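In the two complexes that follow, subunit A is the common piece, with subunit B as its partner first and subunit C second.
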Partner chain A sequence: MLLSAFTDVLMEFATDPRMLGLVALGTLLGLVLGAIPGISSTMALAILMPVTFAMQPGVAILFLMSVFMSSVYGGSISAILMKLPGTPASIFTQIDGYPMAQSGRAGHALTYALVASTVGGLIGLAMLVLLAPVLAGFATNFRSPEFAAVALFGIVMLSFASNGSTLVASVVGFIGVALGMVGFDALSDAQRMTMNTPMLQSGLNLIPVIIGLFGLAEILNNLIGFGRTTHSRPQIGKIMLPLRELTSRWKVMLRGSIIGTFIGAVPAAGSAVAVSIAYGQERRLSKDPDAFGKGHPDGVVAPEAANSASVGGSLIPLIALGVPGDTITAVLMGALMVHGLTPGPLLFTSSPTFVAWIYVSVLLALISTLVLGLGMIRAAVMVTRIPPQLMYVFIAVFCVIGAFAIRNDINDVYVMLTFGVIGFVFTRLGLPVTPLAFGLILGPILEENLRRSLMISRGSWSIFLERPISAILIAICVILITLPLFQWLRARLRPADIVRQSNKPL
Partner chain B sequence: MIRRKLLTTGFYLTILAALPLQAAFADDAFPEKPIHITVVWPAGGGHDLVARLLGNELSTIMGTPVVIDNVTGAGGSTGMRHIVNAAPDGYTIGVMGLHAVSQAYMNTNAPELDGLDPLAYISDEPGALQIRAGLGIDTLEEYIAAMQSDPMDLMNGNDPQGGNSFVFAEVIPAALGVEMMKLPYPGHAPTVTALLTGEVQTATLPVPPIIEHANAGTLHVLGVASEDRHPQLPDVPTFREQGYDIVVNDFVMMVGPKGIPDAVSAKLETSLLEAINSDGFRAAAERSAMVLRPLGRAEAATELAAQEELVYPLLETAGLVATELLRN
Partner chain C sequence: MTATMEDSPLKTLCSGVLFLTLSAVGWAALRQSENTYTGTPMPGDPGAFFLAHLCIGIVAVAAVVLTARGVWQCVMTGQRLMSPRYMVSASRDWALALGFVVSLLAMPEGMRWLGTPYAVAAFAIFWVFVLLTAVRGWSWRHLPEAALFGTGAALTVHLVFIRLLNLPLPV
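Right after this comes the complex of A and B.
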């Protein structure tokens, strides 16, 4: 029944030029808004929501979905070209995307991001259509202990996510966890590390921290060598990738997409967690982990696929249960409610057409993003032709605008400036900054759910082992941590020639 | 070469720095520039929806664009401070609810309520008590009996201290004569999720976030803490009907900084009330299960004072009032 509704709606939309025009318009707006640092997908939706007040519900969904899906990829454009993540979910895209752009492969990086994003989105959509009831059941098994275990898993993955010493990465990661505690505690509303100042009471928002750590720190690093080194502009290079290059990364795309869909389907985990786990996982599995962070295409492909797939994933609890998976779907739900459509458990039976509308809208939006995105790459890479001294000014301005716009709070600009300096110092000292971002994303999730789990169990830690999903996740964490130890032991006990083989990273 | 680069940089910096210097001229014909509505919660929440719907109507009524600014952080205090510190010219107004009353006593950095001038009262958001379906407890009497036999058996999901569902979770069990085990969640959406996944068995959420689930039968509403039945839940009795005198509610009102000239304030009041009473807003409000009760400036101020008297003793008993803000 759902499938026939799906094809009916698809035919209706796809053959109506006005609808296709609307999709194109929504996609363009989403791409541009998503690419502006500080305007997240959430805000793009909220800004454009009043435009849809006068529209028919189906048309409004189509338009909003186009904006939403394209803004997810749009966030990667500024991440790759300017090292400024436009949305929290594109944090990991810039780690490898920006070095690629600097070495004249901006077009390639954008193409990788776009294709991975489209593939991830399609896989997420396919899983949404086919598995929504199953995955919704899976998602409801996730309670506080499971959330805590997922966050722990992510923190273990962080030690694989950066170059150099695992110990240093872990220490930096835990600094990030501690920074995540600043502000009002999510469970008791008590103040922590705020010194009773308004600025610290707001907490350290992820976006200003990331913009400072990556964007501003990059400018400061470049200013150190300014004038001394001849600053050649990076070549634009080829835009089009050989198809073989893309298809050979199908495994990476598939893994990223699956991680994205599942994490996205877990209510409240959201895309930022999905991309961090996908990135850490891919680096861990890679034959060449040291190339990550220096412009490895897999470092762009994995988080992009996960990011886009998590959209499909986060729609699962929204459509099947009426529970928004993250803030973005919460805005979407608000927009739908304005049009008198409340997602919820009654939806599949009461209005299958509405569900089909959403599916078709996602599909058309993905295709439209691919087409328009490919067309925009040529124009977007021209950004790299801007002379560096001018570019730095632009980036600095965008750093300030982006940090301010996220909460309309000037304090966030000071946070951004502080973390710009911290990022600069870290880079000078050779310390990795990525784990700091990891810690800041995962720390609060871990802490909140750990504490709530212990409240539920009246203080007994066995709650984490009694529940199968959290027990399995914790077991995987233990294995990941102890494997190097066993390898080291084996290396000590065996002759030297085996050492070389077993020395490859996990 | 270096100097030229630096000069170029300086030149562009100067241009960029000059951009915001657009002088704003005051005039007596209000409004003659866009009105900004401050929302202290992120985009997508209940207050945000109210502001955007209302802004849409207000812009046609007042003939000027209406901009929504989400000034978030610090439990809403950052945004409230933004409103209080804004120039009292009527161009910066905001949406507030119970949270701002709590914060005014819990956080020394939150603005005190006398820095605010109510402009219009929009709606009541009565407290309610929900329970998961399938537990064999469908009525308030059964719930009270179950709670009296084992208070730890049913856990309640609610906001952290100061949020509206926390206040409801203080008031409702006290009046029912039961002890409630409270589990905090950062916001209404996670609380709904916890209720549906079964991590908690009951919740003290207001009606809008649970209306769809109540209609679907996945949870039962045991009582509503208002004088009249909730318009969207006509079959659910109030607590009063069931013999417990519990009336507690959050509210949504429009406020501005203290000192807006009376003419401007009066014009805002009239236009806001017209917007609240417009068909478009009324229909949308009904769909999202709001209980509209449009009131003017004076009545809104009375309501605010009444809320303050309700919340302060609760916070004081819970030991949440900041030492400097304790009343003698």
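Right after this comes the complex of A and C.
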């Protein structure tokens, strides 16, 4: 059934010039936004989300996936040309990409990145097609305790993968959960934390929150120290590589793609972890490890393949469990919810067309990124020359219009601004922002399933430990949260580490 | 990307104070909601306020720990909380961001009174001029560039969002 839905959707999208035009537009916007320093894939997706409000769900998914997939590669353009990674995942691309650009091989570096990104994306998609139904089939046995445990696991895993202290990141996640409870309770109709304000009674709409946290907050952060840094723009040099050069790196691409897919599939592990492992692994396996960091093509190919493959990987828990794999898929999930689409394990049987939309969109976006990306390599330098002040102002306008357009409500603009300031303050204080968004998305799932489980068990908390999957997930959460505490205590007992550890918060 | 909290006792202290404020506001809002609710929970259900209380409680405990730790670290390292030099440097750094937020707060009202394209044009012209000045220094010559971009932004918003996508923005 899924295969026929896939071919139907593929034929529908691939033969309609309007759809192909939309893919091209989304890809172009994703490439340009991704290539501009300071604009991440998450931000690109968040600010372009309002453009899809008037679209049909399938068309909206196609457009958003095109932006998403192309901005992943777009982030590496500024990393290679300007040593300014747009996303954490591009940090490893710059290590070898920038030295290549400095030595006049920027075109080669971009081509390596683009081809590796496409191959990685295709392998990630293949894994998504193979593994998501298996995981969803397994998840059909899930009941309320398991879903509550998965939601908690998602929040804690993301906190564990965040910069800094896991405990502090978990606390930020719980702030998100609490914010997700603002408004009327679905079970008891009780008003919660509304302070009798009409605008809060319907709760905090996810989209203004996301636009504020990932769009406006990033602009405000970029305005700190604005105008003090300048960067040189290198020459592109030759673009086309001998085919033998590319095909000789198939093992590197394959290894990077497999690492990217599987790490990306772990909720909250994200692409940044995947690229670091892929880069480290390739350096370890290389015959010439000393050349890494000085412009080795494998140092570009491995992280780019992993980065792109992790997209497919991160979509696996999103589609199969309804739990976003990382920040970008969290934003994507918010966009899907706006269009009335809620991912989850029953999706494969209840709405195969929806799954097919995602598969086809990823495929077309990858092809479009390859074609337009190759054509745009020379233009990439021009993109990096766009004055950032123009982009910041335009994106701020986008943020306001996007927040307003969801419900035609001016209050949503104020919500967006509030969360923009919260995201900005959190970032300045070194607090992770992503767990806040995750808490807001997963909080309602956690609360609903937690309370339902307790009602089934007549208030007995043992229901979460009697079921093996929820017991294992809760045990992992407890280990992840208490691990830093044990490490801290152990370090306190070792005199040599006392001075170093005393400066770290719990 | 800014440094994490581990690098700075001041950040730890500020994070503690921020968490303390958030938990206090959350607790007050929750108490107010509880006082107005008259229903009784279903058997086994911990109630509509249980998870919110739990989350706010966790945030409050973390706030106390971070605040105490921040104070202790500041005392141990002899770091002054607010040195005049730091304040001047920070306010210079934050001025653009604060101004940006204030003007964005005014933008919805501007959209309502002037219409979206005009409000967008006014916002874009002003900020492109300010940011160009921040990069290249003061000059009236930035004004045509800012006006060009502002008009372009307003035109794009009008054509794409109002005409093409039919979004119900104030015109």
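The rule is short, and it goes like this: the second predicted complex is superposed on the first by the 276 of 506 C-alpha atoms of A that agree within 3 Å, B and C clash if a C-alpha of one lies under 4 Å from a C-alpha of the other, contacts with A are read in each partner's own complex, and residues count from 1 in each chain.
Just so we're on the same page, contacts are C-beta pairs under 8 Å (C-beta built on N, C-alpha and C of every residue); 3 or more make two chains touch, one makes a residue touch a chain.
On a predicted model such as this, the values are computed, not experimentally measured, just so you know.
Chemist: Considering only the touch criterion stated at the top, classify A:Ile175 as touching first (subunit B), second (subunit C), both, or neither.
Modeler: Only subunit C is touched by A:Ile175; subunit B is not.
Chemist: In the overlaid three-chain picture, which partner chain does A:Phe53 touch, first (subunit B) or second (subunit C), both, or neither?
Modeler: Both subunit B and subunit C are touched by A:Phe53.
Chemist: Figure out whether A:Val115 sits in contact with subunit B (first) or subunit C (second), or with both, or with neither.
Modeler: Neither partner.
Chemist: Give one of first, second, both or neither to describe whether A:Leu390 is in contact with subunit B, with subunit C, with both, or with none.
Modeler: A:Leu390 contacts both subunit B and subunit C.
Chemist: With the two complexes superposed on chain A, say which partner A:Leu62 touches: subunit B (first), subunit C (second), both, or neither.
Modeler: neither
Chemist: Which partner does A:Ile445 contact after superposing on A: first (subunit B), second (subunit C), both, neither?
Modeler: neither
Chemist: May I ask you to decide whether A:Leu372 touches subunit B, subunit C, both, or neither, giving the answer as first, second, both or neither?
Modeler: After superposing on A, A:Leu372 lies clear of both subunit B and subunit C.
Chemist: Once the two complexes are aligned on chain A, which partner has more residues of subunit A within touching range, subunit B or subunit C?
Modeler: C
Chemist: Have a look at where A:Ile277 lands relative to subunit B and subunit C in the superposition and call it first, second, both or neither.
Modeler: Touch status of A:Ile277: no partner.
Chemist: Classify the contacts of A:Leu321 with the two partner chains as first (subunit B alone), second (subunit C alone), both, or neither.
Modeler: After superposition on chain A, A:Leu321 lies in contact with subunit B alone.
Chemist: With the touch criterion stated at the top, can you tell me which subunit A residues are shared between the subunit B interface and the subunit C interface?
Modeler: 50, 53, 185, 187-189, 191, 196, 226-227, 387, 389-390, 392-393, 397, 408, 455-456
Chemist: Going by the contact rule set out above, which residues of subunit B touch subunit A in the complex?
Modeler: Subunit B residues touching subunit A: 1-2, 5, 8-9, 12-13, 16, 42-45, 48-49, 52-53, 55-56, 68-75, 77-78, 81-82, 106-109, 155, 160-163, 183-186, 189-190, 192-194, 196-199, 211-213, 215-216, 218, 280, 284, 287-288.
Chemist: Which of the residues in subunit A end up touching subunit C in this complex?
Modeler: 50-51, 53-54, 88, 163-165, 167-168, 171, 174-175, 177-178, 181, 185, 187-196, 216, 219-221, 223-227, 387, 389-390, 392-394, 396-397, 399-401, 404-405, 408, 410, 413-414, 417, 420-421, 424-425, 427-431, 443, 446-447, 450-451, 454-460, 502-506
Chemist: Touching subunit B in the complex: which residues of subunit A?
Modeler: 42-43, 45-46, 49-50, 53, 140-144, 183-189, 191, 196-198, 201-203, 205, 226-227, 267-268, 317, 321-324, 327, 330-331, 333-334, 337-338, 340, 342-346, 387, 389-390, 392-393, 397, 407-409, 411, 448, 452, 455-456
Chemist: Going by the contact rule set out above, which residues of subunit C touch subunit A in the complex?
Modeler: 1-9, 11-12, 14-15, 18-19, 22, 26, 29-30, 32-33, 36-37, 39, 41-52, 54-56, 58-59, 62, 65-66, 69, 73, 76, 93-94, 96-97, 100-101, 104-105, 107-108, 111-112, 116, 120, 123-124, 127-128, 131-132, 134-135, 149, 153, 157, 160-161, 165-169
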